[in-house]
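What follows is a pair of complexes built around subunit A, which joins subunit B in one and subunit C in the other.
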Partner chain A sequence: MNLRILVALVQKDISLYFKNRFFALITVIGLVGFIGVFFLMPKSVEENLPVGWYAPSLPEAFTTRLQGEGLELTLYSSEEALRTAVLDGDEPIGIALPEDFGPQLARGETPRAVLYLRSDLADEYRDAYLLLMEELGFMLAGQQLNIETEEVVLGQDMAGQQIAPRQRMLPILVLMILMMEAMGLAALLSAEIETGTLRALLVTDLTVAGLFVSKGVTGILMAFFQVLLLLVITGGLQQEPVLILTVLLLGAFLVTGISFLIAAASRDLMSVFGWGMLAMIGLAIPSFNILLPGLATDWIKGIPSYYLVDTIHQVINFGAGWEQASTNLLVLLAFSAFFFGLGIVILRRKLQ
Partner chain B sequence: MNLRRIFVLYIKEIIQGPKNFIFLFALLVPVVLTLLVTVVFGTYLTGQSRLGVVDLGSSMLPQLAGENQALSVRSYPSAGALKDAVERGALDMGVVLPADFDRQVGANDLARITVYIWGESQMQNRLILGSAMVHTMRKISGRPLPVEIEQVTLGQGNNVPWEKRLLPLIVLMAVLVAGTMIPATSLVTEKVKRTLTALNASPATMLDVFAAKGLLGITLSVLSATLTLFLNQAFGARPLLLLGVLTLGAVFSAALGIILGALAKDISTLFATIKILRILLFAPGIVYMFPEIPQWIGRIFPTYYIIQPVLEITQNNAGLAEIGQEFTILIGLIVVALGIITGLARRTQDAVAAA
Partner chain C sequence: MTQAAIVAQGLTYQYGDLVAVDHIDFSVAEGEILGFLGPNGAGKSTVVKLLSGQIKPKAGTAMVLGIDVARHPKRVQAQAGICFEITNLYEEMSAADNLKLFARLYNVKHLQIEGLLERVGIGGHGRDLVSTFSKGMKQRLMVARALLNRPKILFLDEPTDGLDPVSSEAIRNIILEERERGATIFLTTHDMLEADKLSDRVAFIDRGKIAAIDTPHTLKQKYGKRSLKAQVVGPQGRLEEREIALDGSNTAGLVNDLFAKEQVVTLHSEEATLEDIFILITGRGLA
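And then the complex of A and B:
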């Protein structure tokens, strides 16, 4: 392999890539768009239920206790002020307890409480608030059930420190950018196969191994630098940067192999688009499981991209280190090497 | 234009079409999107808190809890299966009920239960599920509510679920992907492969070719949009009027596809142009998704006049009188587009002949 020829080929491929209007456009728009999507998404999770509250007869200690149990109480000075707040949309619901609420309960009477609900409140929230309100009544009446509960929290307890939607999106964005690049490289290769320039290159001093190394380097460089830029801008490199860079490099390696396969299966840009979309949908499934946990069971581990997005998710959102990520890294390396090798074999067969 | 020649070309398009990826893509888009929206918004993105139950006896708790709309309740055969579902985040909370649980609660004997909580479950879900379980147990024990609750609903607005908010966007995608992309890609492919030059040598005029490709786009667009409405059970009470509006929408999107196909030099240029235009074409659907955005903004975009009548018919049972204004504007847009196509047909015929 001649290093000078390899560098010249990589330069030529990158220049050709940006000459394709579609892929040049989606590279730039895609990157800017994905970064925009990240910053548009909420940076925190509102995990408490907001409630407008008017209860002059209840001790402050009781109200404070409720605040810490998943409710976000906003106190109002009068029932009218509470009603106005619900009507204006400042509160989804309002709970108003009469001034003699406590004494009535103490006398064994049934006091009347008012639950103000905004008309556009979804049915499930309406039922949830009613449930809470009724349970609050039992609590205030001091009626406890004779139940002993053993609570077991499975996984890291994230109460009060939930992962923001934008942080959950980051692995998806990384995968999308990697796949866009895979489609771009596949389009480039497919065009070179169709026009015969790849075969023509092999007539020169370039060996078959050199040809694939140059294409591989082009693909990895293009994919790696874009996801690197995304993570630098979005702050994804703040934890374990070397580990994240390693994962990104392996991810770029994986999609380059997949792009070889897409190129081998395609005849023109349209079929690159078709096969590319199919690959993109398949590889994106594990990242949706990060956005909506519980979507899939263990079969998801059969998809190579699982080890890429899961490692990024674990490192960025749960502070995992090399030790926790080692198994994922090894499997990802194995998958990447397999797809890269398979891609070369099939593409080589197509060239012969 | 010659109708017989258009028909022959149309049949050729139907035979050749399925070999093109876009053809299948256009038909699959509404099905996949509908399934995705149903799965994601119908189950995973509802405000419901998810409870799993393993009942070692025959408790009424799962049934009573399931009656509450705030909860999504699922039964599991074993504690292991329940624990696994909680661990991977399929449930917010899981509870194992002992064999004689209802009797213990009813007799106020000490009942012991194990509750598994998913670590990433939000505080509000934990609160709702905790309260719901205790509340259901109180129902089982038969204790009366010590407080009388009066519910007062304030305001005029209605809750629009996300499945409904997304429907216009899905219908627009169905109409536009099939209607626009199929004629456009077909035309560009014929230009690139030079089969358009061969066609130009035949008695068929460029307008015949455009009409045949447009007809295929219209057929698939109407088919795709009808399929979307059918899958979303949103056909409404006036199917004939709906079909008429969908056909006009399909004609407009096919005309747009012909214009794009006639102007684009190659597939790369076409896809890049569609990518840029996409936000303008789908804008009315996006505006509809967020009621906080002033809804008049949607009227700026031409595709508003496709989707608004469809929504009026399917969701409000509107008749021709109610959608008359949008209907007229849509016809006007089609006339303008057809005028442009006539000019482009002449230009393309000259360009192909000169090549």
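And then the complex of A and C:
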């Protein structure tokens, strides 16, 4: 295919894309919206446990020490006020120690402490807070547990540098923008098939192969530059930029193939959206697993977008390099080539 | 009109079980206008697609400008102009941008867009979006697009279908101008009057087969019935119709008798139309 034809078609497609007010608008709104979502998400992880606290008999120094142990204590003036705060959902738990708690301990008696739990607190949290209560008891009694504990961190120690929610969001935002562009390209293609303009193009010097090259270039360019813009603005290119750019390029390649499939299956804009949303939901599953780890099992590795979002996640959030990402890149390349090829075969059948 | 611009031999195409074009043979001479006539679904557009290399035949061959279309569609398309049966323009682009795009694809270097638009009767509308055009203007732009590469052969698929008389006439004039330039024209239509006016020869296609092919005059001679129709004053003083076949053995005597015995009010000759002949040959109309 010669460059003259390629340039003419890519220019035409990009121009038509932005002449379509709907797609121009959702592209801008989507980009601004996704970037906005990123910056609205917390930039750090809250590491302190919130606890409502009523303990009038304990010295202030002890309370201050607890704050340093990772507890975020909110002090209440009465046990009733603490109860109300937990009941209203202001605190997940409340710990109330009676006024003579210290003296009772000193006398060797067994004082009564009350742990107020919010009704929707998960079982695991209840158990954890009970253990916390026991630990507090030991601290107050001045006793050491007769256990020697050794900390062994498996993998990269993320203590103090947990992945912020906005960083976890990045892979899903990348995928959303890629899919948005895929739907745009699919809508353009579908409209060209239905109105017969593709037939007019194909009786010029343009070959069917050339048509797919031009559509592929248009799709990849548009998707790539938008996710690139997202990552530049959100700082996602600070780690291994060349590796990230490679992943984005492969991602754009993958969704372009998927857009060919959507176009082949669609007759109008509504069916493009129908098929597009279906594809988007399927492809988004691996990114939900990054957002909320432990949701899914190994089957998500059968979804091609896993290798896209996982690589971005590993590079941006764990500092992975080419070596660690190489397997993901190869699988992503294979998936992208497969979908691109499949898209061409099916779309070609429709053109005939 | 010496060399053949199109030679079709045993040309066949089918969509699944439906045979759209059934072993047809015909040729079109260089510089000739062939009117390809038939009702909707007769196979006209499929023949255009086959001859212009948009689809490959299931059997038979088509040589266009001496090139086997199935083997070298791009070589044929480079010398052909195609006006499709559907309006397939980029509606969100201007008329000029539509032409510029296709000029780049055809590698036409020096394109006089305004001149071309003037020629098809939509001069001054180059910057207007195609979506704002009337059907007639769109059709004229389609013809302009087909003329971009100064084609040696033009495939015009129902170019005046549904157009107003002014637009239809403008397109007919362009067809005649192109023939004057030396282009061969393959015109499909179901407008028999248009075919009669423009075509050097017409071919009737019905259910994928060519039912007849010849000049309109010969077809009328061969199949048509000519007659004289007269209005005369009848016995009760009312107007009555009389008809005399012109090709009968006693035509002269019957005409003499008419004038001798009847009071003739009006008299006119009537010739069979291509539509009459089509119905006579195929047993069905064009609708």
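Keep this in mind: the second predicted complex is superposed on the first by the 254 of 352 C-alpha atoms of A that agree within 3 Å, B and C clash if a C-alpha of one lies under 4 Å from a C-alpha of the other, contacts with A are read in each partner's own complex, and residues count from 1 in each chain.
By definition in this document, a residue touches a chain if its C-beta (ideal position, glycine included) is under 8 Å from a C-beta of that chain, and two chains touch if they have at least 3 such contacts.
Just so we're clear, the structure is a prediction, and the values are computed from it rather than from any experiment.
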item	value
Partner chain in contact with A:L3 - subunit B first, subunit C second, else both or neither	neither
Touching partner for A:T207 - first (subunit B), second (subunit C), both, neither	second
Touched partner set for A:K12, first subunit B, second subunit C, both or neither	second
First, second, both or neither for A:N20, with subunit B first and subunit C second	both
Comparison of subunit B and subunit C by subunit A residues contacted	B
Subunit B and subunit C contact sites that coincide on subunit A, given as residue numbers	20
Complex contacts: residues of subunit A adjacent to subunit B	20-23, 25-26, 29, 45, 47-49, 69-71, 83, 86-87, 89, 105, 110-128, 130-138, 140-141, 143, 145-160, 162-163, 268-271, 273-274, 277, 292-295, 297
Complex contacts: residues of subunit B adjacent to subunit A	20-22, 25, 40, 44-50, 68-71, 83, 85-91, 105, 108-124, 126-128, 131-132, 134-135, 137-138, 141, 143, 145-161, 185, 189, 267-269, 271-272, 275-276
Complex contacts: residues of subunit C adjacent to subunit A	52-55, 74, 77-78, 80, 82, 84, 86, 88-93, 101-102, 104-107, 145
Subunit C-facing residues of subunit A, complex	4-5, 8-9, 12, 15-16, 19-20, 195-197, 199-207, 352
